[in-house]
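So, here come the structures, one by one.
Shared between the two complexes below is chain A, which pairs with chain B and chain C, respectively.
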Partner chain A sequence: MREKLLNINELAVHFKLEEGIFKAVDGINISVGKKETVCLVGESGSGKTLTALAVMRLIPKPGFIAGGEVLFLGQDLLKVQEEQMREIRGARVSMVFQEPFTCLNPVYTVGDQIGESVDLHIGLKGLQKKTRVLEVLQLVGISDATRVYGAYPHELSGGMRQRVMIAMGIVSEPDLLIADEPTTALDVTIQAQILELLAALKEKLSLSILLVTHDLGIVNETGDRVYVMYSGRIMESGPKKDIFSGTKHPYTEGLLKSVPDLGPVKNRLYTIPGSIPEPLKVPGGCRFHPRCPYVMDICREKEPAETKFNGEHSAWCFRYGK
Partner chain B sequence: MRKKNFSIGSVVWGRLKKNKLALLGAWIVLLLSLLALAAPLLAPCSPFEQDIGNRLLSPSSRHYCGTDELGRDIFSRMLYGARVSLSVGFIAVFISTIIGILLGALAGYFGGGVDNLIMRFVDIMLSIPTLFFILMLIVFLGPSIFNVMLIIGLTGWTDLARLVRAEFLSLKNREYVLSARVAGASNNRIIFHHILRNALSPVFVSVIFGVGGAILLESGLSFLGLGVQPPDASWGNILSSGKDYIEKAWWLTVFPGLAIFVTVMSYNLLGEGLRDAVDPRLVE
Partner chain C sequence: MENNILAVKNIKKTFRTSGGIFAAGRSIYAVNNVSFEIGEGRTRGLVGESGCGKTTVGKIILGLEKPDSGEVSFNGKKISGLAEKELRPVRKDMQIIFQDPFASLNPRIRVGNAIGEALKIAGAADTSSRVKDIIKEVGLPEDTYYRYPHEFSGGQRQRICIARAIVSRPKFVVCDEPVSSLDVSVQSQIINLLKDLKDEFRLTYLFISHDLRVVKNICDSISVMYYGNIVEEGESEDIFAEPRHPYTRLLISSVPSIATPAAGARNRAAEAGKKEKSAPGRALHRNSEIEKGCAFYSRCLLRQNRCAGNIPELRDTGRGHKAACFLQEK
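After this line comes the complex of A and B, so read on.
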């Protein structure tokens, strides 16, 4: 096992609603090793973005972190002072979001915005700052860095903006980059370029990446290890090849079947019946049981425990154990 | 590669240029400011010099706007009065803008108890009739230019605070705010660097309207004898002393009245033009 950079233990994120407490993230364990790309996969509403935000300690209200720990290089981020946390955000751990347009401030130039991180975390000013920003723009594959430096976000294309966002994320050379659906808003060719860029940066900067996505195609291209999340819980986890070719959990199976193949259309595309449980209506027992084709009596009564397979591969399902 | 950088400023200026009335307002505002600044150079006489032998002269080539009951040149007094009126307008609005932005930003950004406290205070301020409140404060503090500026400034920030709060309520949930926070920006930096800069257009419009309003208020107070005290000139107190001679000497009231009217209207025209120019829904 590789040395671990990030260890999320029993993390719980709850939302206080009028009708009760919604456990959006309900006790999950995730680890990210050094120079590793870990994918967190799940449908919308499964809690994957909240997990990412919890690492940054930026859960939106009325949500709150109800328990667990987020160990970053052995230090529990949930316990550090807010000021110290601010020095970690952007400097040691940074985050890239889905919508590159709305994530850039419309009234500042690209240079100003990347420069802000340089200012906050590296403390370079003036010409040195500009040199660093131009350097990082080139690093993310922007060839006409000088023009982009002085451009406003609305003057750039979607792919370009996402490169700028990534540049903002890596400018202070963090250890961990959290990418929340970084390619969802982009078209397919640009998607591939951005994924290549992330892979290249990972090598160059010894970066670890936590990639949040719903797209198994992306997981297949970039991930080292995969966590499959459903309704606030991890369903299956393990190295990419085990997840794809030795699938254990019925939910992962369903997700894989729902990916369209290239080539002639043989059948109607598979979809998992039903939808992810609504907040406060999370079923008892295994939370996937109402949609599971292999549902057994025990699934309705008890939550399954972890079953370990060879290596790091685990699944939480009664088909394999108790 | 694009030649022109489409900054917000150039777009707004482009729209404003097409609005003839707003442009007229802008020119008059500029002209008045220059006249006020250059008052010592332009005034034909001292604004204080009395000449009882030449009292209540009608407008002529020597006294463009006539003379008052003490023989002082009205045109000179009005030039100096412009200095008073405009500086009261600017300084009062400066004070209320600072307070309005600060309290509005705090209320909108932090929400909850802070918001409640600030907005209930605003409600209390708004429930007291402004003029009555100002008169009361002046009675306590005594009438002077400085007090008038201060009091107009300290009472005029409530609308701006509400406006800024509303802007902050919507802007604080923008994703670029989250992404700034992710980059490690402090609350201070997010409020003043990231959000405020995006809320400036409506603030700017409100400031322009505010200057007009403050000038009008100052004139009113001076007219009532609670603003600028004689012998210092202000449009309001020229008007006030002229009212006793309104049947014999129309120029004592018409010229300062006109000055107030034109100034306030210019600011309002400019303000309205700006409001349309910064409106993002308006597309040519």
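After this line comes the complex of A and C, so read on.
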């Protein structure tokens, strides 16, 4: 087994609402190895983004981290002082968000914004700082780096902005890059370029990537290992090959069957009946049971435990064990 | 051949940009000489990336946007250029489903009234029974009639929008990215619903989307748009099996797929498109005043000298499969 860079253990993120406590992330375990791309896949509301934000300790109020640990190189990020966290955040672990339009400050130039990170995390100033920023802009595939350096975000296209965001994320040479739906707002051809860029950077910088996405196609093309999340819980996890060709969990199976793909056209697409549970109405037992085609009595009563298959492949389902 | 319910002929639409305080505005082609027909009961996909003009085409067809030139005929009758009053009876037969079901429903109007509005405008007296029928038809609970939009999830709202579009029994529906804001497991439900309704109500769709995976699963024929021009069109299977235009190949090869490496169409396209995948980012909007050469020229890696100065025409390469590329000419 590879050495792990990040170990998330029994992480729980809760929201205090008037009507009660919403367990958005309800005790999950995720690990990311060195130079590994791990995909966290799920539908909206499954808690995948909150998991990513919890690693950065950026959970928005009224949410809070209710338990568990986030071990980064053996150190629990949930226990370090905020001051120390600030040194880790952006320097050792950085994050790229979905909307490159809202995440850049419109009144500063690209050079200023990336430069700020260089200044804070590497301590370079003046000309050295500028050289470093230009270097990283070239690294993310921007050929006219000098122009982009002095440009404001509104002068750039969506794909360019996302490249700038990635540049900002990697300028401090982090160990782990968390990318939350980095290509969802982009056109397919640009998406393909950004995914290629991430794969290239992973090799060049020995980067580990935690990629949050809802698109199984992206998972198939970029991931090494996959976690399938549903309503705050992991349903299945394992190497990509096992998830796609040795699918165990009914939810994964349903997802794979229902996505329209470029393969042979089916007259009707498979559908998972129903919809994802509402925040405060998460069903008891296995939370997927109301939508599961194989539901048994026990699924309504108890939550399934992990069943391990070959290697790192696991599923949480009573069809395979307790 | 079946009857063409809709024909679009040489439509053009330019928008003027404001050039700032001192500079003159530029005019930009949103739609440049687009023509196609849709046979009754068929689904035509209009595919392209954001900004290619696909939504503008949809709006022009529905009379929500006026073309600079060209014409739209519906059921053999020219409808472009008609006055609002004359258009009204035609409107009943043409509807639209928008992308964002959160933005396209009025939060203060009960769902039943929102759906019934189209009927009232068309002059129907008793709408409630027909609205209730349609609510059942699209798979919503019966009490939907009296509830407000915020009580529904994204997928259910899209069902409401679909109900609203088909309640007046239209013949033709423009679906503008109807599933792109929905979750994967809900997407397939809505796609199936659209297919069922099409069979049941004998509908004809213009399906506008950027997602080739969805388009492949719902459309009979496809037009690929690039910066206001149709660069390729044909039967869906032909286009996916043998894309002719470099841009179509680029699009298909860019789609992340769950198919294992052995699977067919995509990989053949990927093979053909391998070079194109690393093509430069994106072209700038073309200035209509310096209109010359192929629109895809700046991104195309197979470009030749003649592509810069001449505009390739859509040419039939067999079975109605057309491409606008000089490389297709012998």
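Keep in mind that, in the parts below, the second predicted complex is superposed on the first by the 319 of 322 C-alpha atoms of A that agree within 3 Å, B and C clash if a C-alpha of one lies under 4 Å from a C-alpha of the other, contacts with A are read in each partner's own complex, and residues count from 1 in each chain.
Quick note on the criterion: contacts are C-beta pairs under 8 Å (C-beta built on N, C-alpha and C of every residue); 3 or more make two chains touch, one makes a residue touch a chain.
The shown structure was predicted, so the numbers you read here are calculated from the model rather than taken from an experiment.
Asker: In the superposition on chain A, see if there is space for chain B and chain C together, and answer fit or clash.
Answerer: In the superposition, chain B and chain C stay clear of each other.
Asker: Once the structures are superposed on A, label A:Leu71 by its partner contacts, choosing first (chain B), second (chain C), both or neither.
Answerer: neither
Asker: In the superposed arrangement, which partner chain does A:Met296 touch: chain B (first), chain C (second), both, or neither?
Answerer: After superposition on chain A, A:Met296 lies in contact with neither partner.
Asker: When the shared chain A is used to line up the two structures, what angle, as a multiple of 10 degrees, is there at the CA centre of chain A toward chain B and chain C?
Answerer: Value: 80 degrees, nearest 10.
Asker: Who does A:Leu134 touch here: chain B (first), chain C (second), both, or neither?
Answerer: In the superposition, A:Leu134 contacts neither chain B nor chain C.
Asker: State whether A:Met56 touches chain B only (first), chain C only (second), both chains, or neither.
Answerer: It touches chain B, and chain C stays clear.
Asker: A:Leu120 in the overlay: touching chain B, chain C, both, or neither? Say first, second, both or neither.
Answerer: first
Asker: Would you check which partner chain A:Pro106 touches, where first means chain B only, second means chain C only, and both and neither mean what they say?
Answerer: After superposition on chain A, A:Pro106 lies in contact with chain B alone.
Asker: What's your read, chain B or chain C touching more residues of chain A?
Answerer: Comparing touch counts on chain A for chain B and chain C gives C.
Asker: Quick check: superposed on A, how many Å separate the nearest Cα atoms of chain B and chain C?
Answerer: 6
Asker: Considering the complex alone, what residue numbers of chain A touch chain C?
Answerer: My answer: residues 43-44, 157, 159-160, 187-193, 195-196, 214-222, 244-245, 254-256, 258-266, 268-272, 275-276.
Asker: State the interface residues of chain C toward chain A in the complex, per the touch definition above.
Answerer: Residues 49-50, 153, 155-156, 183-189, 191-192, 195, 210-214, 216-217, 236-237, 240, 250-260, 263-266, 277, 281-282 of chain C touch chain A in their complex.
Asker: How about chain B: which of its residues touch chain A in the complex?
Answerer: 1-2, 5-8, 174-176, 178-186, 193-194, 197-198
Asker: Along chain A, where are the residues that touch chain B in the complex?
Answerer: Contacts found on chain A: 56, 58, 86-91, 94-95, 97, 99, 102-108, 116-117, 120-121, 144, 147, 150-152, 154-155, 165, 168.
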